[in-house]
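Read through the structure below, which is laid out as structure tokens, and then see the notes.
Here the chain labels run A, B, C, D, E and F in written order, and each chain numbers its own residues starting at 1.
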Amino acid sequence: MRSVPKYLVTVLLFALACFLASASDPSPLQDFCVAINNPTSADSRKYRKRLGSNVTLVNVDKLPGLNTLGISLARIDFAPYGLNPPHTHPRGTEILVVAEGTLYVGFVTSNTDNKLFTKVLNKGDVFVFPIGLIHFQFNVGKTNAVAFAGLSSQNPGVITIANAVFGSNPPINPDVLTKAFQVDKNVINYLEQQFK
Amino acid sequence: MRSVPKYLVTVLLFALACFLASASDPSPLQDFCVAINNPTSADSRKYRKRLGSNVTLVNVDKLPGLNTLGISLARIDFAPYGLNPPHTHPRGTEILVVAEGTLYVGFVTSNTDNKLFTKVLNKGDVFVFPIGLIHFQFNVGKTNAVAFAGLSSQNPGVITIANAVFGSNPPINPDVLTKAFQVDKNVINYLEQQFK
Amino acid sequence: MRSVPKYLVTVLLFALACFLASASDPSPLQDFCVAINNPTSADSRKYRKRLGSNVTLVNVDKLPGLNTLGISLARIDFAPYGLNPPHTHPRGTEILVVAEGTLYVGFVTSNTDNKLFTKVLNKGDVFVFPIGLIHFQFNVGKTNAVAFAGLSSQNPGVITIANAVFGSNPPINPDVLTKAFQVDKNVINYLEQQFK
Amino acid sequence: MRSVPKYLVTVLLFALACFLASASDPSPLQDFCVAINNPTSADSRKYRKRLGSNVTLVNVDKLPGLNTLGISLARIDFAPYGLNPPHTHPRGTEILVVAEGTLYVGFVTSNTDNKLFTKVLNKGDVFVFPIGLIHFQFNVGKTNAVAFAGLSSQNPGVITIANAVFGSNPPINPDVLTKAFQVDKNVINYLEQQFK
Amino acid sequence: MRSVPKYLVTVLLFALACFLASASDPSPLQDFCVAINNPTSADSRKYRKRLGSNVTLVNVDKLPGLNTLGISLARIDFAPYGLNPPHTHPRGTEILVVAEGTLYVGFVTSNTDNKLFTKVLNKGDVFVFPIGLIHFQFNVGKTNAVAFAGLSSQNPGVITIANAVFGSNPPINPDVLTKAFQVDKNVINYLEQQFK
Amino acid sequence: MRSVPKYLVTVLLFALACFLASASDPSPLQDFCVAINNPTSADSRKYRKRLGSNVTLVNVDKLPGLNTLGISLARIDFAPYGLNPPHTHPRGTEILVVAEGTLYVGFVTSNTDNKLFTKVLNKGDVFVFPIGLIHFQFNVGKTNAVAFAGLSSQNPGVITIANAVFGSNPPINPDVLTKAFQVDKNVINYLEQQFK
């Protein structure tokens, strides 16, 4: 009997990684089903740290038992005046509770009116950031702040706007950004410098 | 022009309460959509308090902005040796993080094997209770404990086993309970006394 | 070329078993997709038999063609005065029709009020048990009874309350059960004896 | 204060009828939520009766408690050689069990190959008809037959092919049917006569 | 160490093909997840070509990046008087826009009333065909026509009624078709001839 | 009998608007269900026009029959060198086909790596933009271009990044934007000027 080509198994493992991450947020079909791991990036963490915030996301990669269960949890630590910059979760709504400190939070609605909703949250206050909308959290106090957030997906994803637009790899064509932001190329280059 | 019978509006309001609570956990179709309120019971809260725990659930009734967003959040406070007794969430998975103290937590799988999974959680530890499974949290420390939990529905529901089985209104037929628990009627009566 | 380590294939098969059971109740993406088998427990069947009921569940494990189709079917046979004891389906709603005999059925709502709804069903009558709620069926006639039930998942799961609470493996910490049921340890021990 | 125009309430009632039928098969957000009624047609029942079959569907219109619970149940009675003719359920998979008699059943897959799968089912046998596929049940015995079917929607819908194609109201343009079935107009007219 | 039996890998590949096609229309759990290929049939294309229409479906098989994203797109080309014959999509709703020419389109509702809705669409007009309902498009102009259609599944499926009923493989039992269409066997045989 | 307070009806109408927009993308429970209208903004259209692109979205507001059907369609017209600037759809994946001209398109993945995927599309080419990811389309030809896009929601929403971040109403706190983009306040003010 001939042995099995290695590449086949590689294909299978890749496909499984896909599946185990991508199946069925809506409802599990077993009590639970352990998943396997995806890589995640270090750059966006560094950037956030520079801004004085640190997100520890417990998603299906950290807690394989979450697989198929449609939820994840994040702890967000803020230095004084630390910022969790404008970002979206492409696959989840976020519900946040302040455990320590005072946060100024907000989100912007879609193009129906691009309305900004903001609130100052003290310890124990709760706020919701609807799926896919741009939102931020800012520690407006002199002390550290801590918040916990539930997200409505086992792998909600995070898109930090500044990173994704001005720090993508490779960079977005400058003609596109110049037109989109309606400023001259120097401003776009300057912005891109910050995310090299 | 004749005016509108009141009962019609009552029907409409009831139906809307239904709808606004019952639409679309899977995905919203607007940035957000404000809901209206459902009644919730005081009895189970009293019972929990007697056991030294207190659950503050921020679901769609407390935070109408959650409507259609498929998530809710709970804060659970434990007195020393306080217990959040065995219960299920019929419509949601729970992900829990310990903010203060030490909790002994566990859940039992379905009849495939009724296996008990338990863990002692310290500050910062995270655990998952899959949708519909019986689970509990017990403060095994001498100090207060606090936990936050995300739930994968805007209205996950709670069924406290002891309450629902021995304290339902009206009570479940004693022949059913006697057979189910395979003990004599006195034991069932005794158990029911505790939940009158 | 070197051959492939066995454990790899084991991992793959496990993962597939997961997947094939856990993908997509909400909607299939093919006409059908054959699944593979999960183990199921004998103990709960024995217990039910002692109570004079027998459940034959045609789920995705019995009928692999059900995979991804979001439904299953059960036949429940009752001896005279046979009981299908209080249980929940963590992942499915049940719709039941009586084919022979007379059943006394009921379910208890969640902690909003723990209200008990009951009805006596004769041949041809239909009843619904909403997802995750505690329910039971009791043959109140002198003759055998037969019912068929549709369940809204290819793998709805079953949690028999008495089994899961007093017969889990290992047992739930007696301090937890004593507190939860507010009775002394002897009663809990006595109850646990019945499920050893 | 001026009273409320009637048409407003009509709009509301229509909208509610829509909603109460159309919300959230995937998962409820309450223990249950009572619905209101939709009209259903008498013609297709007459036609089925002529063929010696009778379908009693318990969907959300018959059992309002089914609303949002994503399941329904049908009882199908067959006279000797009675036929439940080729039809589809646009919004649900069907799982069928034979309670009495012997049925010859089948379904045709989609255009990937239009393969016909058939089986002769005796009392107690179970079969699945995947969502949206054309299927039929034929009593091949000299005696009556009875089957029960679970369907994976609170309102799965039924499309009897012959009725919908040759008996629609108004009729489909004969040029369309002549081309589609590649026969001359007489044959199409003849077929349409049967469903006037 | 022994090498791995081939059949195991075959099982795995089959299962993966299943999975990658069948997981999670409702919502992805990754930015994207590349799928692998399914076979599709040539016969229904030939038949359509004979009728003067040609459907180019970009589903997950043509564009693996669609996997888990719940949508696909079709281009439909019509010769003068070309017909896209009555068909259903068992797993998707279709939204169609006319890019060139003039189309007469229609769909028939389910057995609630089998009502036919039709419209003549000119360049730029848009129409919707709800999931699972029988519908058609007919080029009523002297020139070619082109339409684009979005479908609400990565693999919506197509069932051409005439093909599936009179051209299935093997053929449906003539007793079934004779009864269903209420005509004599010659007519059924004649119809079946057209799809040999 | 007293007449009905107006505000009640207002509440009902608001709630219905919510509902009719927000129910059940995953699957309808009727053949179709007509919706009612939401307002949409003129500003983002003006901005896009300045960039030489124009989006005509046929969503549930334009085509009420789409309600509950989980899909919508857009036509995008581009002047020479016209740009559809970086934006996201918070509730839908987009599949795009080029009907005329040549487009340079791209999207950026989430923070796993913020990778940019781009392609030059000619007439007939198809591309996918996964749910929630930032993407753009740029007409790189000297002639007009036209594209059609299917979106996997009846109301996918649009968030134009530049508008939402620098043109929200009221503006986002400049401290937040200055930190997030790591540039001095003048640059932020300059950018905000473009969206006044």
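FYI, contacts are C-beta pairs under 8 Å (C-beta built on N, C-alpha and C of every residue); 3 or more make two chains touch, one makes a residue touch a chain.
Note that the coordinates shown come from a computational prediction; the quantities given were computed from them, not determined experimentally.
Counted as hops between touching chains, the shortest connection from subunit A to subunit F is 1. The pairing of subunit B with subunit C is characterised as same-residue: of all residue numbers used at this interface, over half are used by both copies. Chain centres here are C-alpha means, and the one lying farthest from subunit D is A. With centres taken as mean Cα positions, subunit E sits 38 Å from subunit A.
Per-chain CA centroids place subunit C at a distance of 29 Å from subunit D. Centres computed as Cα averages put subunit C at a distance of 44 Å from subunit F.
Annotation for subunit B: residues 3-4, 9, 12, 16, 19, 23-24, 26-28, 31, 38, 90-91, 110, 112, 130-131, 133, 157 touch two or more other chains.
Interface residues of subunit B, counted against subunit C in their complex, comprise 26, 38-41, 43-44, 50-51, 83, 85-86, 88-91, 104, 106, 108, 110-116, 118, 130-134, 136, 138, 157-173, 175-177, 179-183, 187, 190-191, 194-195. Those residues of subunit D that touch subunit C in the shared complex are 26-28, 31-32, 58, 63, 65-66, 69-73, 75, 92-95, 97, 99, 109-110, 112, 124, 126, 128, 130-131, 133, 148-152.
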